[in-house]
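The structures considered in this document are given below.
In the two assemblies presented below, chain A is common to both, partnered first by chain B and then by chain C.
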Partner chain A sequence: MARALVEKRIDWTGIFFAVALTIVIVFPLLVVGTWAFTNVWRYPSVIPQEFGLKFWQQTLARADVWSAITMSLSLATVVTLLSAIICLPAAYAFARMDFPGRNILFFSFLAGHAFPKFGLLVAIAGIFLSLNLIGTFWGVVLIQLVGTLLFMIWIPVAAFQSVDRRMEEAARDVGAGPFRVFWSITLPQAGPTIAAAVLLSFVGTFYETEGAWLIGAPQIRTLPVLMISFINNQPVIQYGAVLSVLLWVPSFIALLFARRVISSGSFAKGFGG
Partner chain B sequence: MSLTPATDIVGTKKSGRPIGLLLVAAPVLLVAWMIIWPIISAIGRTIWLPDEGGTESFSLETYRFFFTDQYSLNNLSVTLWTTGVCALLLVLICLPIALYLRFAKGRLAAYVQGLAIFPMFVPSIILSYAVIRVLGPNGTVDLLLNSVGLPHIRSPYLTPWGPVIGLVWDNIPLTVLILLSGLGNVSNQSIEAARDVGAGRLALLWHIILPRISNSILVAVSFTVLGIFSAFTLPYVLGPAAPEMMGPFMQRTFRDLNDPTSAITQAVITFCFCIVFGLFYVRSVAKNRTT
Partner chain C sequence: MSVLDIKNVTKSFSTTKAVDDFTLSVGDGELVCLLGPSGSGKSTLLRMIGGFETPTSGHVAIDGEDVTRVPPEKRPTGMVFQSHALWTHMNVFKNLAFGLKLRRLPEAEIKRKVEAVLELVGLGGFGHRATNQLSGGQQQRVALARSLVLEPKILLLDEPFASLDQHLRERLREEVRDIQQRLKITTLFVTHGQDEALALADRIVVMRDGRTEQADRPDVVYREPATPFVAGFIGTMNLVDGTVANGTFTHSGFAVPLPAGDGAATLAVRPEALEIVSATGAGMAKIHRVTDYGTHAIVDIELPDGTRLKSMTSEARDWSHGQPIDLRPKAFAAYRDNAAIHRSN
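After this line comes the complex of A and B, so read on.
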């Protein structure tokens, strides 16, 4: 009875949060989206004088934009591939094998998270200086690779651990070899979660700004780095807006895939919640 | 996808073969070379300084310089101020949202949760651009105020409040998620029991809910402090040129002034300021993972 009354009451708190968050979260992004499709928007008009795609053509005609897109995509691809090659076998080992020092090695991936990130990057840059890795592609690859380790090991470990061991044993009982078991039983079950981890590390690397800026700039120019220089030095507002919309595409794809994962609650637990 | 598997990482299978070690060697060595070694080396090279003859000896000169240089101290204090203000604002903003989400159901609650998590999918560089377009000089807020005949705002862009706005926006999702996960430990029964004996909303919050989620609040604050103390992109783009936060300060010292020793000294100082939060945060993550 009491509960029915509560449910019928108008949820003012909810309406307040919904309106406040819409204004604070959605509105600024809508403004950027509007700028991207605006040909003329002069002060003090509240809405643009002329909509259009003029600046999309101009932005996409710029050589620096294309080289930054290529650079970002190739960096993210190389880093994700390398990360998958070294992390996935390690994740399998952590989940399924026993070896000396297993626990301490597993938690060693947390080491980087006990320190403020940019301070750590500066300390790494100090090492890179003597190795002549500053301003090189592989220097940026290395620094971004380290950033993916925790995700690419911890998430797949959880995936391998949640595979039903009885199914594997059943397959082995009917004569399947270890590789056959891995390919037909283990991988299909762990696959979707591992794919999510790979996607997360690709998107995370694509947006990684601080390492690329500290280690790579000005020779290695990724999209976020180009965006910083557009914000600082580019008088044409629309270039930044168009680039923002372009830059957001991978995040949108991640959003579609990761929604279920993130609202499941176990995600926050991974951050210590 | 669970980051907290049901079983402990310590497995049951005892084969003891070192092939496992071989498989984990590459990422473990990478951590040793790119995280552990740089930290040790950073401390080493800032306390063993070469003199004119090139021989190295123990010296705290770079630290003495940092703590006597007014410009460095201003940067440190603006960093401490920004971190403190952001942590406070985040708890004040996110705790009510998390409390609402814990007890509300239905479509409106799902919408609020979706919005609160959404900033996670907005890279901070796009956020910086959006903040400038909305709150910057002649930005959208100015346009709207102007259209109803009100004066311009004092734009937070290029003031210490610029990074605060950006960093709070950026950190809302994880703070809400961490607090929400903590609120999951508050059982409905304990709340109903307290209600039955006549506890009001504030008493409920103060005596029942807060004591149970104090650990989550500490985790959220530690996470925020670690992220904000050495934040780079948002302070660099939105903040004033001087005083600057430690992130941009280290970057400029390292690249523009070409003075790695001073930059690494600044890095070690940020480590020292964050070490308590860092250890606490890592300990909570590790504890969550094992239990």
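After this line comes the complex of A and C, so read on.
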């Protein structure tokens, strides 16, 4: 009886927030999405006069778009792989070992995110200039690598810390050496949370713009950098809109993948631990 | 010949000594319970035998071979943890097969061994189950099976049933005893429950502050506790501090003939050995409360200074609150300077 009453009560606050969020998040996406599939849309019409894939054909026919897609994908892949190779062992060390300066080092990863990023980037660009890294692939890789460190250290540290030490000891007990224990027990246990960190760093790198632009331009053009130049330099809105929709693809795939990989709670565990 | 030899082992953590100059030999097929309150060093000692801690000094030898600095994966020991520590990303079969695979046994033999050990712990056909599909008792059985399947020389159990309820604990305790006797496997069992130790052990080692208080057969530890600490830790015991003068122990009107030299002493009397008789003289002690348990009754007695004693009686008598009585210990022990000075049985 009491339960039925509770179920019937309408949660107005909840509905208000849901509607507000929908307007703020979905509406701009809808506008951009509509523009991408519009051939003609003139003032004062509320809906486009003519839908079509004209600008998709035009955009995808451009060589600079394809080279930007390839560039973005290879950058994100290389950066994520390097980041994993560097950060996962470091995260394990942070989680399981005690060494002098551990806490200071651990919080130093926050420093890069605690100050206005652009200032930091300009300073780094100055250093890269003298190292001849400006306008090179590896220059951009380096700058984007810095951006992934926080995610790729902090989340896996929490993941490793939440693995029961007794599980690792039980594996030692049945005859597994330290490396085998890490490979067969620790890593699978921390796996879902680490996958989340890897995914975040891939998507984050894919969308990273300031660093790629400041260090990479003009030789290295990633998809977001190209999109900005389209929006700034082209009188036609649709080019930018089509690229925006294209840019959604990786995060959409990432989300789908994330739903499969990340079992409930492990993502929160990574942040909360 | 002994399977396990612990010689003068000390383990220090920064300033405290968890285990202090400990020596013990365990014979083949023997089940030894390490019993003590938390912080007595029993778990640290077990972890040193398993190889998870390195002694600060002293030696551990298995089958006469020094293993003091040998890592756990190279020791012929099998450990069962309190938290069962099953690998949740593997099913039951894979949990049991992991150690066998490391030993590069052929698939068919792994399968045969795993199935046999699952039968042994009463979980035949559970191989495909995920570990989180099992109850607490089943998980602990799998943890036991995971150690047994590798046929260790020494089985180490670190309070394996502490997280289970009383009923299940008693059942698993019996199963462990059965399995241990069938396989004749040398076993060390850490517990802080004296009933567990009394029910399981061939020998009980009572530990306190990293040292041995007493190591003996359960019935001896129960009947002839070597120190007041053991007396108070095993079973229920009335411990009364008093003085001996002219062959009589006294404490607040409670007097017992005690053939010992004058001085301070601690008297230890089991509730079942403390007889209540109707007051003949002054009747200094008084009945405080009677709790009837059906098969027996526990009578709480108060001495004039407020000291409480317990007496167990099977006779249903109509004791009433405040009634003056006399006490007559049928059997007791007396201690001075942490050692027994007298026993009357």
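We adopt the following convention: the second predicted complex is superposed on the first by the 231 of 273 C-alpha atoms of A that agree within 3 Å, B and C clash if a C-alpha of one lies under 4 Å from a C-alpha of the other, contacts with A are read in each partner's own complex, and residues count from 1 in each chain.
Following the convention adopted for this analysis, a residue touches a chain if its C-beta (ideal position, glycine included) is under 8 Å from a C-beta of that chain, and two chains touch if they have at least 3 such contacts.
All of these numbers come straight from a predicted model, not from anything done at the bench.
On the superposed chain A, the two partners chain B and chain C both fit, without a clash. In the superposition on chain A, contact is made by A:Leu149 with chain B only, not with chain C. Applying the stated contact rule after C-alpha superposition, one finds that A:Gln189 touches chain C and leaves chain B untouched. When the shared chain is aligned, chain B comes close enough to touch A:Ser251, but chain C does not. Shared-chain residue A:Arg166: touches chain C; no touch with chain B. In the superposition on chain A, A:Ile231 makes contact with chain B only, while chain C stays out of contact range. By the touch criterion stated above, A:Arg180 is placed in contact with chain C alone, chain B being left untouched. Fitting both structures onto chain A leaves chain B and chain C with a minimum C-alpha separation of 10 Å. Overlaid on A, the two complexes show chain B and chain C touching no common residue of chain A. For chain A in complex with chain B, the touching residues are 11, 13-15, 17-18, 21-22, 24-29, 31-32, 35, 43-46, 86-87, 89-90, 92-103, 105-120, 122-127, 129, 142-143, 145-146, 149, 153-155, 157-159, 161-162, 193, 196-197, 207, 209-210, 213-214, 217, 224, 227-228, 231-232, 237, 240-241, 244, 247-248, 251-252, 254-255, 261-273. The touching residues of chain C, counted against chain A in their complex, run 50-52, 71-74, 77-79, 81, 83, 85-89, 98-99, 102-103, 143, 146-147, 150.
Taken together, the chain B residues at the contact with chain A in this complex read 1-7, 9-11, 13-21, 23-24, 26-28, 30-32, 34-39, 41-42, 45, 96-97, 100, 104, 106, 108-109, 111-113, 115-134, 138, 140, 142-144, 146-147, 169, 172, 174, 177-182, 184, 216, 219-220, 222-223, 226-227, 229-233, 236-237, 246-247, 250-251, 254-255, 260, 263-264, 266-268, 270-271, 274-275, 278-279, 281-282, 284-286, 288-289. Contact residues on chain A toward chain C in their complex (touch as defined above): 164, 166-167, 169-177, 180, 184-185, 188-189, 191.
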